[in-house]
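Presented sequentially are two complexes of chain A, the first with chain B as partner and the second with chain C.
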Partner chain A sequence: MYLINKSQVLDIAKELQKEYQVYGPVMEKEAKQCMFVKVDDIAELDLNAPIPAKPPKHALFPQFERIMSYQYDKKNQKVEIKPDFDSSKKALFGLRSCDLTGVLCMDRFFLGQEFVDDVYKNHRKNMFIVTNTCNVPFKQCFCVCTDSGPSAQEGYDLNLTDLGDQYLVEAGSDKGKALAEKLGLKNSDDSHKKAKSEVIDKSINAFDAIAKDNKAWISRVVNRVTTGLIDEKVWEYIGNQCIECGACSFVCPSCTCFNIVDPVTGPETADRMRTWDSCSYEGYSRMAGGHNPRKPVEDRRSKRFFCKLSYSQSKKYLRPGCVGCGRCQWVCPGDIGLPNVVTYIRRDIQK
Partner chain B sequence: MNYKSGICTFCGTGCGHLLDVRDDKVCGVFPMQNHPVSKGRLCVRGWNVHELLNTPEKITTPLIRKDGKLVEASYDEAVSYLVEKLKKVSPDEIGFLASPRSSNEDNYLLMRLARSVFNTNNISLDCDPGHRISLDVLHKGTGMAGMLGSLEEISRADFMLVVGIDITKQNPIIGSEIHMAARKGSRVFTIDTRVTQIARLSNGFLQIQPGAYKIAIAYMAKVLLDENLADVDFIKKHTEGYDSFTKVLSSLKESEVVEKTGVDIEVLKTLARDLALSRSAMVFYSSGISGFDRETVSYIYNLYLMAGKIGKEGCGVNPITGINNLQGSKDMGIAPDLLTGFQKLSDSAAVDKFNKEWGVKLNTQAGKSPNEMGSKLRAFVAVDHDETIIRNVDDIKKTDFVAYIGSYQNGFMDYAHVVLPVATYAETDGTFTNTERRVQLAKKKVEPPKNILACWQVFSKIAEKAGATWSYGSPADVMKEIAKLTPSYSAVSHDKLGIGGVKTYGLDRYDAEKAANKAAFAPVDANFAVPLASEEYPVLLLIGESQHYWHQNNLMKKTHIPLREYNATLLLYPQGYVAISPQKAKELNVRDRFPVKIVSPYGSMETLAQVTDKVKPNTAYVAYFVDEMVTKFFMEHKDVLKRGEDTTIPVRIVKV
Partner chain C sequence: MSELNNITIPEIATITEIKDEIIEVKTFYLSFDGRQGGQPPKFTSGQFVMCTVFGSGEFAVSLPPSPENDRFHLTVRRVGKVTNALHSLKVGDKVGIRGPFGNGFPFEEIKGKNVIYVAGGIGFIPLRSSIMRVMQNKDQFGRVLIFLGARTPQEHMYAYNIKEWKNTPGFEMNLTIDNPVPGWDGDTGFVHTLLKKKNIPVENTVAFVCGPPMMFNAVIKELTELGIKEENIISTLERHMKCGIGKCQHCAVGRTLVCTDGPVYNYKQLKTLGEQF
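Presenting the complex of A and B:
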């Protein structure tokens, strides 16, 4: 473990920029909104900014991405199909632990045992990840209930923890260690380790004040969702509030569903595009013959929460699909962000 | 930072978004959390706007029709050809069809072009009169041509009435605001002919007979009168014309209300009492193509005035516009008889102001909508249209000359002799006025494709070729001129418009205390006739929107995800559908997706049945979206449609 002065912490990002495209939290000045984006000017990075509105997943899995191009040569009757991958090396700097957990969930889906997604792999390989411990939880957060924070446990190259005037820098990989050594960071001692655990305890305790009744019930609700012991009326109550915008999936750090379209771009050319998709849309689950096993909106909604909060899904990710960031609560035009859904199910259980 | 702030371009809500701009391309979109209206939310359309901006179906070059085919040309050639053709016909034979999607600046310049350069007042929107009815009623009553309440104050309304609008589908984020307020304790009540989502989310719902909104609202006013619940202090202090309104109400009979509305009269009474006794109250209804008639709007306005629920915090009469700049287009004088800011062509002082500024002498005789010109239409210019259905297609085919000006390919191009491409809304600056009169600036985020001009530049070029000298350097210059000539826009200037913009009239909402004049009750009549079913035509057919199809939307078809959603409906019901109740289905011996025939006195069409409990047994509902259905059936009902899509057609439904 190492230490770096607060005033120098961005040196890590500067060093990374020599080799990587650096992504990190930046405040958009006009709208005053934190976004996790690619930065050219390292000084724009803000480790104290609130949890980014947009999770870093778009760096690995963009909203709208060309993954292939076709070109038809009419004269020679030849087709050229080119994979069109962005293979630049990327570094994610200042990632919150919930978002790292989201990346790990995506890894299990896209890089799973049976099938490897080359497009995702190209974004993900050679990636450098620097996480940032949350000393204070943000008001919509509940990572302590989903085992994804407030400090990263695995999957990072470097993990930063704010200890006042300096950051504790933990190396989680050889790559991370090499970078810390290269920057000549001084070593930390046991007192710093203790200071970090105090910071984390304090942060976890702070959840008591913000994690009102709903959040602590997540494990009970996981049990209920798995066993299917939830009254249909609860799903109807939830489904009635769904405006079918898709926002919950789009902002979810662990949602991986996508759609493939092949727009024709010219008389002899076409693209293959991959776009984010959402289980809240009716067309999402419609099958080729027209049959739709999840036509009513409440069936589609229950599917989402099944995906985030059931044992069978946990087997896939080796953890719950929900990472506790609370973004779905932010963007939902209904009132059915995940924490609220937990509340509705809890009410039903308590009845 | 590759995210640039802007305004969603689809509906009249005017949500804030951030566009992901990389290498001069829009690659994604994200909601804006600090936007006063949308507060970090977007609907399915808003979340997929980047797909539209990336469509290959853009117009990429000016075109001129030669030997029946559109061939590439330069702007100079195309503009010269257009001017030459328009100069050949007399001014009253030219028609301009403007768009409720164009920015205020572009609409203003088109209005100036029509009136001052081509000397015609034949300019309108396709959806005229629609929103105009609301503007007329509210302007005449309060002097404010636009929504009287504020979307920001929805959370402060104790009582809300949602009348005849499927608001969570048409303007989802406004629907969301209403729902959120309800969760925090506001009482929401829906009156509709169909069971909509907001109906299910409301504290109460009345499923009313088609066409009976007017009598239901009038009865609520009568309850206030009979039970001494009218806000007499407010009426005395802030209004005029109350007595003539109450006189009309006296003839209204309870039995007639019961018979015509088909609802529980006690519930309607409770509703009236709740409205009167609440601290603050709002009403939302659809304005635009699917809006109410003048009488219904007048009754709604009068009811709220009588209850003292206008001009105070958390109060207001709120016509909701379906398209992003419908309010702004009307503000920019896109109507046969209006100048900007609802100044009338018949008002000589206003006309003098424009004459002086433009150095012309305007024709003050009100024009006509090109849709109503018939065979008189000889040259036709359409700008930035998004519908796939052209209403006056037969007239257009017969004209000598058609021009289409827009960013995306459109059905008008099939008839056009000249096509002029313009930059999309992400490629130029422009302001848009949302349903609550909020003027917001969407800044240029990407460069237009090489050799493509912005709309304001194209209009300036046309003016120049026609011999006028315009000297605008930017859309900001245009807004300076608009502000100078338009009292309600006097505070609007591009450099002052930040996140959330400003509202017209310099007022967040209509304020009874600050108003110069008393609010006047709208004149109304006591004709409460409702469309009646007969033995021959026993079912009342309603027309409206469907989930992902919206305003016959040519734009939605250029996206991927919303298009798939639309196709999901179309794959189930390729010829469109008519929604009938399970009871009716049983009667006809049909099931979902069985072919049926709809017969009206004007014609008939075959379609598929959709069996749903959302409609009453004696009504049926048709989504207004399948080309053939609309062109072959509804277009024959011109007189009926003119009254807005809320109108009903008595029909007979038979099994095929």
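Presenting the complex of A and C:
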């Protein structure tokens, strides 16, 4: 473990920029919200900014992405395909632990199943991750309920913890260690380790205070969702509040559904694009010919929460799909962010 | 871990022949450009591939009988944007193929049993690959009963196969059309109504069912009433698919994905998935 002065912490990002495209939290002055974006000027990065409005998943799973382009010569009946995978070097700086957990969920889902996803693998293989421990909860955080915060446990290259006038820097990989050595960071001692655990204890208490409503209920609801012992009326109530905008899926750090389309780019050329998709859309499961096995909106809504909370889906992520960032709760125009859905199911259980 | 190398980028194949089957349904014979002798990748009956029509998109389609005995072909009904584009292609044009994906029909497990096939309309296409495989090993199976339903006599697909099977000893063919028409002397009415009329074996029997949702539910009801066990009723599902490799999630049914856990399920599994079919 190492130490770095607060005034110098961005030196880590500056060093990374020599090799990587750096993504990090930047405050938008007009909107007064934090966005996790690619930065050219390291000074724009703000480690004290609140949790970004959108998760960093766009850096490794872009909203629109070309995976190949092709040329089809109709007259001569020839086709040429050019794969187009992005394996550029990217560094995610100042990631919150909920978002890191989202990245780990995606890793296990895209890389750890029967088939390995080539597109994701290329994004991920040259990545450097610097996480940032949360000292205070923001808005509707509930990572303490989903075991994904406030401090990162695994999967980072470097982890930063604010100890007041300096940051504790922990290396989680050889890559991270090499960078810390290269920067000549001074070593920490046991007192700093103790200071970190005090910071985290304090932080957990603060998180608990805002999440106490749901804390014990998430696992109870996981059981209900898995066994299907939830009254259809609850799903109907939830479905009635869904306007099928798809925002919850787009801001979710672990939502990975995508669509594949082939937009035509010229008289005889086209791209194959992968775009984000959402299970709330009516066309999501509609087949050619019009048959839709999930026509009612509540059928589609229940599937999203099944995906986030059921045991069978947790097996794919090796943890619940929900990482407790609370973003679905901020963006939902209805009132069916995940914490509220837990509340509705809880009310039904308690009845 | 899969050893396929075409899971993201399609292989190119050339259309060598196009055959009209019935109205709006064509069969496309394909030769794989990058493989020796144009032979397809190894696959088993009941699996599917993702077929790209360049400039239009991609769709999932079930596979033909086995590669050894028949040239690789895909039978496709013209129904949406991409399949319409496929139908406009000519011999010599290229398509892209990813796959094969999915689990396939049981074969070794059902040896020694009676086999019933019930298909409605183009539900016959995937079942045909299993029928062909059983036919090639006929002596290892009990009675084989085939029930095919179509709207009109002209919509009975693969007339050449039906003719052959009618003359195959041990194969019992039952064809029906929805409403009587002049010149049709066979059965009429929906295909599920035939099941109780014909003396079908119940013990030691496996039933394969594929067809539109209404027909599927009616057939399942008849078969279970007759006493065929739920785990011996086998079906293959059709769902909206984009990736074929368990990532895009469009084909999720309950806790499973049709592309990697299916497309072949038995009715006992289907019942636990908690969705409508």
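To be clear about the criterion, the second predicted complex is superposed on the first by the 337 of 351 C-alpha atoms of A that agree within 3 Å, B and C clash if a C-alpha of one lies under 4 Å from a C-alpha of the other, contacts with A are read in each partner's own complex, and residues count from 1 in each chain.
One rule holds in what follows: contacts are C-beta pairs under 8 Å (C-beta built on N, C-alpha and C of every residue); 3 or more make two chains touch, one makes a residue touch a chain.
From a predicted model like this one, the values you see are computed outputs, not experimental measurements.
K.L.:
Since both structures carry chain A, what do chain B and chain C do when superposed there: clash or fit?
P.N.:
With chain A as the common anchor, chain B and chain C both fit in the superposed model.
K.L.:
Applying the document's definition of touch, where does A:D86 land relative to chain B and chain C: first, second, both, or neither?
P.N.:
neither
K.L.:
So, does A:D107 touch the first partner chain B, the second partner chain C, both, or neither?
P.N.:
Touch status of A:D107: no partner.
K.L.:
Of the partners chain B and chain C, which touch A:G246 in the superposed model: first, second, both, neither?
P.N.:
It touches chain B, and chain C stays clear.
K.L.:
Regarding the shared-chain residue A:R286, is it in contact with chain B (first), chain C (second), both, or neither?
P.N.:
Both partners, chain B and chain C.
K.L.:
State whether A:K303 touches chain B only (first), chain C only (second), both chains, or neither.
P.N.:
second
K.L.:
Quick check for you: in the superposed arrangement, does A:D348 touch first (chain B), second (chain C), both or neither?
P.N.:
After superposing on A, A:D348 lies clear of both chain B and chain C.
K.L.:
Tell me which partner A:C332 touches in the superposition: chain B (first), chain C (second), both or neither.
P.N.:
A:C332 contacts chain B only, not chain C.
K.L.:
For A:F115 in the superposed arrangement: first (chain B), second (chain C), both or neither?
P.N.:
Only chain C; A:F115 stays clear of chain B.
K.L.:
Counting only touches as set out at the top, which of chain B and chain C does A:A53 meet: first, second, both, neither?
P.N.:
Touch partner of A:A53: chain B, not chain C.
K.L.:
After the superposition, just quote the angle formed at chain A by chain B and chain C, using C-alpha centres and rounding to the nearest 10°.
P.N.:
Once the two structures are overlaid, it is 80 degrees.
K.L.:
Nearest approach of chain B to chain C by C-alpha atoms in the superposition, in Å, rounded to an integer.
P.N.:
Scanning every C-alpha pair, the shortest chain B to chain C distance is 8 Å.
K.L.:
Counting contacts the way the document defines them, which residues of chain A are shared by the two interfaces, the one with chain B and the one with chain C?
P.N.:
Overlap of chain B and chain C footprints on chain A: residues 259, 261, 264, 277, 286.
K.L.:
For the complex, which residues does chain C have touching chain A?
P.N.:
Residues in contact with chain A: 1-2, 7-10, 12, 14, 52, 54-59, 79-83, 92-94, 96, 212-213, 238-240, 242-243, 245-253, 255, 260, 274-277.
K.L.:
Note which residues of chain A are touching chain B in the complex, please.
P.N.:
Residues in contact with chain B: 26, 28-33, 35, 37-39, 44, 53-54, 58, 62-65, 240-241, 243-247, 250, 259, 261, 263-266, 273, 275, 277, 281-283, 286, 290, 292, 330-335.
K.L.:
For chain B, which residues are in contact with chain A within the complex?
P.N.:
Listed in rising order, the residues of chain B that touch chain A are 1-3, 5, 16, 18, 20, 27-35, 40-44, 46-47, 50-51, 54-56, 168, 172-173, 175-176, 179-180, 183, 197, 200-201, 498-499, 547, 560-561, 564-565, 567-568, 571-572.
K.L.:
Using the touch definition from the top, list the residues of chain A that touch chain C in their complex.
P.N.:
So the residues of chain A touching chain C come out as 67-68, 70, 72, 74, 77-79, 81, 83, 109-110, 113-119, 228, 256-262, 264, 268, 270, 277, 279, 284-289, 291, 293-294, 299, 303, 306-307, 310, 312-313.
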